[in-house]
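To keep things simple, chains are lettered A, B and C as they appear, and every chain counts its residues starting from 1.
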């Protein structure tokens, strides 16, 4: 795959690892937060931590839109299904996420709810067209990467007069979440030295959107591409900034990220969405101006208006450490439920189910990994 | 022979209805004009509820598999050929020579006879090509809405030659792990024909009967420790099963695992891991290191083993983990699946 | 966040709002409404059935060139993490 395989080259990885090892200052630690859950997944899938010196550590951030979605939102969707016989279209990522009372969309489906997994908003629109007598609800989740496709779907529904289609909007914004992490102090601070910025959110919002990290919080940030060499190169760039006491926004993912981002997508989002005054983030609490809702001009395609969806407040399972893990304060292995009560087939919280969740990554890729155990040692130890 | 029915089934336009499963004339006609016609063999022609046959002395093997796949027809196969290949494979993974198959059909009221015939013709061909006859069967019909078109259960019997002892708990530290060819072909070919994940590809299911390949392998090395076909859940799941059964760990080399570029591309598009995608014409062989080269060479002379490769080794591990050295140089655990692998957007 | 992958445009529909992209021999139709001036031969970043951005081949080559420079860097004594 062109422009993918070249960025997965193992020989270059080894060279980059040598350069990183030669440039780190052995007198200090480098705590680097990879904000985006996709990066967490890539770090584990390719075993990137293995190639880092001991004093370079990745702290997993809250950039997993499934993990930070409060259970109450899934409860609301399930209630909608029970009360209104709608067809609920959802990305597969949400299907196993635990809701309240040990429910999930998967279990609701087994109970008879009409839930259909879709790959794209276009599939949901097609389902609405094919079933004119049924109400079709699209469960929209995701950060700024996934929001423009929802925007297009709402506009198409309006243009085509598709009156049986609506969107249950749970889109979130990245910069406010980043601010929230950087604002914490004392024992609530993750003490991060630098940030690996999200790849694909940045193609939409542009690298300039992160200037506040440097100017207001004095934390260097490198927008990192999605492939493992991108992650390593970006890590090197952060290490260099920290070694030189420089604090800027750098862009490693220049092949698809520009300073201003995708202006067309931004304009479309502005047209259809507006900020919610406040929104509850699982693990991060209530945050102002951090999430999107559908504007009045498109109210007809807003599930929350069409069905008068009430907010359901729900709480996490006792002892579930997802909130602290999402904020970078703890690792999954610190959670008493990890691997005991909470497993992928019986998850207590979204972090264990979501493909981007820290707990899922730890479980799938390295739950018995001792800190610092390298691939070369693996062969000797088993 | 006197028949209890007259006339011909309207296969082109006819639909399965409740009387086809009720044991009377309509069912007799369906069985004769579709099943008997295409499966046609001496044992079936006896028209008994069972089939009697002699076997050479030896250990017998029996295996059964239910097939509920959707869509019924996919590039490279259909539920019919799959049901023949799948059960032949389960039987021969013990080292046994498969002898006969039975086939039970559960059809939904309203299922087109033309599709039924298409499936049965495909099964009959698969059975003939493999040299394993379908000698008895059953037919049931359920009310509309109570079935997914058609479900097929096949059961196979075979006999294991003396001196062969292949079983999932026989893997030992030091053993070599071999795969017979590229992974993920079947699962991705089937996905490509599902409506809302539509992507265009020339990928075909690898559905195939592996018993002749297995025979070549056991002739070269009667002391093979384990054989298994990585069907649902893919290579990863099957290796985890074997690791658990044998109380060992495994270490794989990602770069050594054969995989077609189109499977890689389709998995990347959908966010799937090819290690967990189903295969229907591949086998995993775990053998003594001393036998590996000879086995590999023998496999590569067979059309179904041409791309066979050594992909890893068995190690001691109290946690029974399957781990993999990534082509990137790091390492990762290759775990059991929690449930069905689902495409992801995040 | 989110999974996106670059694929090459092999065909466009009449008003260029839908592109057929190819990834290792797999073809998929994607919407191009979020990106302007799409042409056959362009690489597009694909996410949930939409093109999010064109990939700049020039920038991709620059990034790859950075990796080429690693050979020239001072890594005389390989210091692998241990």
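Following the convention adopted for this analysis, a contact is a pair of C-beta atoms (placed from the backbone, for glycine too) under 8 Å apart; a residue touches a chain by one contact, two chains touch by 3 or more.
In this text the structure is predicted, and so the values were computed from the model without any measurement.
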Looking at A-B and B-C, which one has the bigger number of contacting C-beta pairs?
A-B
Which one chain sits nearest the middle, judging by mean Cα positions?
A
How many angstrom lie between the centres of chain A and chain C, each centre taken as the mean Cα position?
21
For chain B and chain C, let me know how many angstrom lie between their CA-based centres, rounded off.
37
If you look at chain A, which of its residues touch at least two other chains?
1, 4, 14, 17, 37-38, 50-51, 64-65, 91, 119, 123, 142, 146, 356, 374
Multi-chain contact residues (two or more partners), chain C
1-3, 5, 23-24, 47-48
Mind pulling the chain B residues that touch 2 or more other chains?
261, 264-265, 268, 271, 344-346
Report the residues of chain A in contact with chain B in the complex, numbered from low to high.
1, 4, 8, 10, 13-14, 17, 37-38, 44-51, 64-66, 91-93, 95-96, 106, 116-119, 123, 126, 142, 146, 228, 343-345, 353-356, 363-369, 374-375, 378-379, 382
Within the complex, which stretch of chain C touches chain B?
1-3, 5, 7, 23-28, 46-48
Can you name the residues of chain B that touch chain A in the complex?
196-197, 249, 251, 255, 261, 264-265, 268, 270-271, 315-317, 319, 321, 323, 325-333, 335, 338-339, 342-346
Seen from chain C, its contact residues with chain A in the complex are 1-6, 8, 23-24, 31, 33-36, 43, 45, 47-50, 52-57, 59-60, 62-64, 66-67, 70-71, 73-75, 78-82
Provide the residue numbers of chain A that touch chain C in the complex, in ascending order.
1-4, 6-7, 9, 12, 14-19, 21-22, 36-38, 50-54, 63-65, 91, 119-123, 142-143, 145-146, 148-149, 152, 174, 198-201, 203-204, 225-226, 229-230, 233, 252, 254-256, 262, 264-265, 268, 356, 374, 376
